[in-house]
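Take a look at the structure below.
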C-alpha cells in the first residue's frame, strides 16, 4: 500500500450527491475532495451525521464498515443492504444529507500473477468490492471472469453493478438455480490458472476457501466482521489464523489469502458455530 | 375533572397534519381521533416516532411534556420552543411525520368565581396553555385580560396565538419595555377582582406568585418540571408545597394555586438555587 | 400460567418497584388500567416504617438511553399504606407484591411482620439495594451482612420473601447465595446503578439528592450479566430486570434463567408497554417451541 | 501545561488503555497522527508477562449508546513489548504510560521492575480492574487485597504508579484509599462495567469470551459518580474516564476533582476526537475563567 496516500486522520463530513437503488440495494454517492483514491477491497467507516442512534434498540452507536463500490470523479460509491439499524439509517439518507466518513481503510486486493486470470466470486452485497476491482483489473488489461450469487431475482439486480457477470440464484428465478460455487467450479474446471477474489456471506467464503484450497487455486477473501473502529484501535474485529492467534480484519485485512485462514474461521467471527 | 373522559391507556401514534411557525416558535397540529378533548392547562407527553435518541448527548430518551395550545376539529395544537434535543427533534418534524402521544394529562385551570375576571399572564412559550384557556373562558363569556412577556420582537410574534394581548419585551422592541409583571401590576391596580392564570419561566411565576399573594389575588400557576412519565409513576416531577412535602406536577398539577407553593419552590424544581 | 413462589401468574412480566403507581394510573387512565392491567403481578413502590417526603428536586436526569433518578423513596409510611393503599391495591386484578425497606434487620422484620397479617399481600420484596439511601446499599452489597439481615427478617413472615439485590457490588452472585441461605424465596435484580450528573455549565450536582441511580436501556447489558451470574449461583427463582423494552429483552433474561421479568423505566415512555412485551414474549416462546 | 505525577502535559486529555493503538494508527493515517497527536500522554494497552492471543470472536456487541467488549487483553507479552513496541512508541511526541496486568502481586512486580529500567516509560498504570480476566477483578475490587498487592508492587519502581480501579465493586472510594495507602501516585477510573449479551434469537452468549465490559456514553453517569466519590476520598491525582465525548463531559469530571480525563470508546467513532475535546475543554475553561 506504500504507493497510496494514507487516510486523513479523523472522520470527515461528506454530502450524499446521489442515491439510487439496484433491486433491494441502495447505492450512495458522496464526493470526497479530501480523501485519497481507495484501492479495491478497501473500506470506509460510515455514519449518518443526523439521526444516528435512534433506531431499533436505540442503535446504531458505532460507525459501520462499507466496501467502496466505485470511486471516481463523481465521488465514492457505496452499496448498502438494509440488515439492521445502521444500514437502515444509511439506506434512508437522501441527496444532500451528510455522512461521517473515515478512510480509505484496510488492505485491498492484489493483482494475479502475470498469465493468471482474475476470477471474481461474489454473494449478495459482497459484490461491492469486486466492482471496483473489476474496474482496476480491466484497466490493467487483466483477464477477468465474474460469478455472482443472489437470493432471488430482486437481489440479482445487484449484478448490474459489475460487467458480464454469470449469476446464480438460490430460488432459480434468474440464472443458474443453486449456489454460486457451482459456477465457480465450472470456471475452475475450464481453466485453473486463476486467482479467486471472493466476497460474500461467511458460508459462501468458507465454501470458496475450502474448494480452492483443495484445487490449489490461490484465493483472496474480503472478510466482514463486526467492527468498532476500523483502524486497529479496538481489537474487536479479529479472525482466527491458521497459524494460531488472531488477525485484525480492519488493518490486516479485510482481504486475506485463503491459506491463512483455518476451517470455520469465517463463521466464528460472526457468532455462528463453525 | 370528573366531567372529562380519562386519557387512553398507552401511548398512541398521531400524524402531524400541519406545521407552522410564529417567530421562533413552531406550532404543530395533529388530529387525535381517539383522545378525549383536553381542558386548558392539561398537557401531553410527546415523542417523535422516528429519530428520537439521536440528538445532542445521544438524547432524547424520555418523552417531553407540552401544554395543549388549541384543540378542535383540526386536532391538537402544540407550541414548541427549541431549547434542547427533545424540542429540537419535535421542531424538526414535518407534515406527515408521526408522534407518540400520551394524554391529556394533569389538572387544568378552573374558572374564576362569578364576577371576577380572568387575568392571563404568560411568558415565552408559557403562553401556550393560556391560549386554550382564553378560548374556553370567552366561550363561557368570562371577562379576560391578557398580558404576555417575551425576550424580543421575534419571540413576541408568539403573542399572535392569543387575542388582544398586551405585550412586554425584555429589550423593548415591542410593547412595554420591561417585565410582564409591570403590565400585570397595572391591570391589578386598575381592578383587583381577578384570578391570575400564569405560565412561563420559573422566575416569572415566582414574581407573579409573590405579588399576587401580597395583594390577596388568587393565582393558578401552570408549572413546568422535568418529567419522565407524566402520569404519576416516577415521582420525578415534584414541586415543594408550602405545607411541607412535595406534590407531583404531572398528576397534582401542572396547575397549582399559588398559595400552595412556598417561596422559591419554582426555582428549586429546575435546579436553580432559590 | 407461570408459577412463582406459589403464585400463579398469567405471564412473566411484572413491574419494577417504583416505576408504576397503579393508583395514580387509575386516576389518570380510568378503569382501562384495571381491564388491561399490563403486569401479571403488581410490585408497590418501597414502603418504609415512617413516612418519607423524598429528595429535593430536581430528581431526574436524562442520560444516553437511560435516566438517573434520585427520588428518595417518598411514601406515606407503613400505617398509611396498611390503612389506605392496601385496600385500594387489593382491587387490582393481579397479586400484590409489597416492597419494603428499613435501616436495620429489626426494623424490616417489624415491617414484614405487619404485612404478614394482611391477605392483600401475596409476597414481600425486600429492598436491600436502593442506592439513594445508605442502609439499602450496605446491607445488600455484603453477603455476610445480608445473611445476618435475613436471619432477622425471615422469621417475621410465612409469605414469600423476594430479596431485591443491589447491583453496586463486586460479586452479586455471592450476595444472592447469601439471600438464599438466609431463607429468601426468590431474588430480584438489578436495581439502579449508582450515578450522578452535574448541573449543565456548573460544578454543582444537578440532582437535589446529590447522586441517584441509572436505569433504562443503558444498563441492559449489565443487568443481563448480573442476572446470568445470579441464576448460575442460586436455585430459587430469579426476577430479572434492567432496561427491558421488548419481548426480545425479556426472552434474553429468561434464557439466562430468570423466571419473571420486570419492566421499569420503559413504563415511563409508555404506560401500556408491559402488555406489548408480554405479547411479544409469548410469540417468541411459541416460535421457539415449534 | 498540566502537572500530573511529575509529568508536564500539554492538556488534560489522554486515552483510555486499549482504545487507541498508536502504532496501528500511524500505519493507517501516516505521519498525520504524530503531528496532530490527540492525547497529551499515550497509554498503551494492557501488557502481560506472557503473550496472549485474546478471546475468541465475536468480541464486540453494540448496546444503546455504548458497547460491550470482550477483547481478552491480546498482547505480545512483556519481552516483545520491551523489544519492539517501546522503541516505536518512544517516537510519539508525548509521554508514554505503560499499562500492565498480572495474576499476582509478584508477577506484576516483575513486570513493573522490567519497565523501571526503560527511559521510554514515563509512568506505569496497573490494571487491577479488567472484567475479562479473573485476577483483575478480584485484586481491585477488595481494598484489603489491593493494599497487599500494592505492598508487593510499589517497591519495584520509582516511576509514577497509577492504579486503574475496577468499577465493579461496592465502594470504589475505599479501593482508591487502599491504592493510595499502598503507595499509588494516582488512580484512574472507570474501567468497563461487567456486561453480556445473548446471540440474537438464541440462548447462547454472543461474545466468544462469554462476558465483557460495557463502555461508552451509557456509563458516563456511573463514571461521574465513581470519580466524584474517589476524588472525595483520596489526595493523589485522579484520571477520570467513562463515556467522555465532549469538552463538557471532560469538564464535569474535572469539576468533581479529576486532574486528567481519558477518552476511550469515543476514539472508535472518531480517531481525532480527543483533540476536539481538548479544544472544547480549553474554551470552556477560558469562559469559566473570565
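Going by the order they are written in, the chains are A, B, C and D; count residues from 1 in each one.
Here is the rule we use: contacts are C-beta pairs under 8 Å (C-beta built on N, C-alpha and C of every residue); 3 or more make two chains touch, one makes a residue touch a chain.
Computed from a predicted model, the values in this text were never measured in an experiment.
**Q** What chain lies farthest away from subunit C once each centre is taken as the mean of the Cα atoms?
**A** The most remote chain is A.
**Q** Counting C-beta pairs in contact, which comes out ahead: B-C or B-D?
**A** Taking the two pairs in turn, the one with more contacts turns out to be B-C.
**Q** Per the centroid of Cα atoms for each chain, what is the distance between subunit A and subunit C, given in Å?
**A** About 47 Å separates the centre of subunit A from that of subunit C.
**Q** Could you please state the distance in Å, as a whole number, between where the Cα atoms of subunit C are centred and where those of subunit D are centred?
**A** For subunit C versus subunit D, the centre distance works out to 34 Å.
**Q** At least two partner chains per residue is the criterion; list those residues in subunit C.
**A** Touching at least two other chains: 63-66, 216-217.
**Q** Two-or-more-chain contact residues of subunit A, please, as numbers and ranges.
**A** Within subunit A, the residues that touch at least two other chains are 53, 57-58, 61.
**Q** Select the category (line, ring, star, complete, other) that matches the graph of chains linked by touching.
**A** complete
**Q** Show me the residue ranges of subunit D that touch subunit A in the complex, using the header's touch definition.
**A** It is residues 18-21, 24-25, 27-30, 32-33, 36, 45, 53-54, 56-60, 62-67, 69, 71, 74, 199, 206, 208, 216-217, 265, 267-273, 275 of subunit D that touch subunit A.
**Q** Going by the contact rule at the top, pick out the subunit A residues touching subunit B in the complex.
**A** For this pair, the touching residues of subunit A are 50-54, 58, 61.
**Q** Considering only the defined contacts, which subunit B positions touch subunit C in the complex?
**A** Touching subunit C from subunit B are residues 5-11, 47, 53, 57-63, 100, 102, 105, 225-229, 231-240, 244-246, 248, 251, 268-271.
**Q** Under the touch definition given earlier, write down the residues of subunit D that touch subunit C in their complex.
**A** So the residues of subunit D touching subunit C come out as 61, 63-66, 68, 137, 141-142, 166, 168-171, 193-198, 200, 202-203, 211, 214, 216-222, 224-226, 228, 243, 248, 252, 255-256.
**Q** Can you check the complex and tell me which residues of subunit D touch subunit B?
**A** Of all residues in subunit D, those touching subunit B are 64-65, 217, 245-246.
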